[in-house]
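Per-chain residue numbering starts at 1, and chain names A, B and C are given in the order in which the chains are listed.
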Amino acid sequence: MSFAIFGIPIQAFLGQLLIGLINGSFYALLSLGLAVIFGLLRVINFAHGALYMLGAFAALLLSVYLGLGYWPALLLAPLVVGLTGALVERSMLSRLYGLDPLYGLLFTFGLALVIEGTFRYFFGASGQPYPQPSLLSGGVNLGFMYLPIYRGWVIVASFIVCMAVWLLIEKTKLGSYLRAATEDPILVQSFGVNVPLLLTLTYALGAGLAGFAGVLAAPIYQVSPLMGSNLIIIVFAVVVVGGMGSILGAIVTGYLLGIAEGLTKVFYPEASNIVIFVIMAIVLVLRPAGLFGKDV
Amino acid sequence: MSDASQTMDNAPGRRGRGVRIVMLLALLVALLIAPFMLYPIFVMNVLCFALFAAAFNLLLGYTGFLSFGHAAFFGGGAYFTANAVKEWGWSPEMGIALGVLGAAALGLVMGLIAIRRQGIYFAMITLALSQMFFFYAVQSSWTHGEDGIQSVPRGKLFGFIDLNNTETMYFFVLAIFLIGMGIIWRFVNSPFGMILKSIRENEQRTISLGYAVNRYKLGAFVMSAALAGLAGATKSLVFQFATLTDVAWQMSGEVILMTLLGGIGTLIGPIVGAALVVTLQNYLATSDVPVTIVIGAVFMICVLVFRRGLVGEFYRSRLGRRLGFDPEP
Amino acid sequence: MSEPLLNVAGLEAWYDESHVLHGVDLHVNEGETICLLGRNGMGKTTTLRTIMGILRKRSGTATFAGQDLMKMPLHHVARSGLGFVPEERGIFATLTVEENLMLPPVTAKGGMSVEEIYTLFPNLKERRSSAGTKLSGGEQQMLAMARILRTGARCLLLDEPTEGLAPVIIEAIGDILRELKKRGMTVVLVEQNFRFASRVADRFYLMDHGRITAGFPVADLQANMAMLNKELGV
């Protein structure tokens, strides 16, 4: 005997809900990074998808060349990506502050093309597998469905990291610098805070989060140079829906839209590719500033 | 900046106009003999992209709105025209008309949603909406998914001019290009265009003067979409296919690059930019160097080093000033 | 005679293309409170912002405690001992009162402890966990000053602290400034409220069109009243 919702077996329903939650975990990590960067730097980081891909590749290369497994990679790859981000910010992006934010978008767009093109040149367009950590292999039977442990881990890890970043921003001294500098960077700098360094650290943090998401994704999706290029557009839509006013808003919207996408797969699979864009259009009509946004 | 040009005497301005007319004539002559010197298909490709970039620049350069979704109009126009000509047996001129109307309709729908936000948000929204159209083109049957619409017949213009002749086709494309550029020129210098300029310079003041600012923005958006559709429709007849490449977001990025490289807000800039980018792509296609990397790098350099673009920097250069160009057109 | 703590000579500054300071000369001795007077738009606020290094398009000389301010990056200026309290107060909405208070890094010994500050400003203690901008205008002004006092700054640049405040609050701010003076604080005050300024300042500078046009000690105030009346319309 089985239950059904609107004629859909509950197993399928819960299964898609879970897949949605996993996608949402990636959306949340990525839109959080975008929101943190945009808040302080006023730059929409088009290279976020490329940095996510860079995280996955860093994990792969650490394994191939240094024999390092998943767990060291989970720590090292975000550091590598964060450091790359810091270099980019210091050497190039910082020259664009004070200009129309559109230039930041265009610059990071070019950057994304260069990063993705380079990896495609050296590694080809096809995906390469990355093994699951043995600790997290196998699965558990939840009664209504079979849950691969690794996927459960993705949800937990993403949630922990999102909460940690939120606490860092809301509850620590560094976070108070960040919030204050988001409001008035010049004044904060006049108090003696090294705001240029803060900007670099913030971009590195956002990049590191994208890199972390990339390592998490590597065992599920294959590691490929273009893995982030369509994802970034979805994450942009997430950010528009959430509005970039709030850090928590970016996280919550990420999970919600992931779930909405998963559920659409159950009820109307043809639309699952575009449901997030449709939601974005509806939100823009009803509430142009986004669900959590303050500015218009 | 503006008072500097006012205090200058009129001579350089008049000289500027003279230089401009000479350059225009030179360009026209070059375009007339081009098919006999270069591959006609290549020049037609350049003309299509130049029109596309000019249409895009109509929006960015004259209203300040950066659309990251113009591929939807370009590719949409291509699909509509290709379908009408191939499946319904329409004549090329009617097919192109449908492509333009279809792109304008798409522009109207996207515009209504997107103009609710400005700046960076506008860019992201147009990107997302065009991606929606991309997925539509992937999934629906009439666009034939990954294959696209292939073997589109060029047909006979007005029922008697055979476009399968390459030279005939070339002059047809050239005519469309000139008509498109003429429309853009008229539009920019019309009262409508003046109001757009004043919106870009001071939106609040324009509102307080009683203009329904959003309607003007939407008008510019639809106009730009329609002309982008014209470019895409024409391209589908030149190459005789319409594929996903035309609606993918990379295409939106390419047209931005053409405009940026040539010079945002200049009439000639997008044409120069399109010619350079298309040439570059053609050249790189036969070499070992990956196109994306070069395109991306050119993008970064443009944004970092010369945001005015080649034409914009030329206008500002000593030579440009001596020839009488206004550095802030 | 010892070197002045803050020494400014021939200071010029630009907002984009427009030239706003045309050579400002002033000096402030240690422990002194000086006041910049002048009508709106004469460059008083700009002078503070230029000394502080917020306005970077500038020329001339400015030294503080023997250090050249002109070459310093903005975030080093506070570390040299200058503290800035802006006209718009600059209280952060996304920070609590206490976070606002703790925001500016301590740059030198001798600043007030949090306990001292809460004794001096009991309101702030009461409302320490509410959002910074939920405070009244007067409380926000107190907070803007208090957070600089915590840092150990030797010299306060104080921009129109009484603007838009009730007389009783202005009185309290006057008390605080006199208390600071006792502790040896140096203050550069920009003020429209002439009555208030005349009770706290040791010396006055008059600014007109981006220049200092007069300077006199408080003792000569009466002698200059006619001129001030004419210049300021007080």
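FYI, a residue touches a chain if its C-beta (ideal position, glycine included) is under 8 Å from a C-beta of that chain, and two chains touch if they have at least 3 such contacts.
The structure presented is a predicted model; accordingly, all values stated were derived computationally and were not measured.
When chain centres are set by their Cα atoms, the one at the greatest distance from chain C is B. Looking at contact counts per chain pair, the maximum sits at A-B.
Centroids of chain A and chain B (each the mean of its C-alpha atoms) stand 33 Å apart.
Measuring from the averaged C-alpha position of chain A to that of chain C gives a distance of 44 Å. Centre-to-centre spacing of chain B and chain C amounts to 54 Å, using the average Cα coordinate of each chain. With touch defined as above, chain C holds no residue shared between interfaces to two or more other chains. Counting only residues that touch two or more partner chains, chain A has none.
By the touch rule above, chain A contacts chain C in their complex via residues 173, 176-177, 179-180, 182-184, 186-196. Interface residues of chain B facing chain A in the complex, by the touch rule stated above, are 66, 113-114, 116-117, 119-121, 123-125, 127-129, 131-132, 135-136, 138-139, 249, 253, 256, 260, 290-293, 295-300, 302-304, 307. Against chain A, the residues of chain C that register as touching in their complex are 52-54, 73-79, 84, 86, 90, 92-95, 99-100, 102-105, 107, 151. Chain A makes touch with chain B in their complex at residues 38, 44, 92, 95-96, 99-103, 105-107, 109-118, 120-121, 230, 233, 236-237, 239-240, 270, 273-274, 276-278, 280-281, 284-285, 288, 296.
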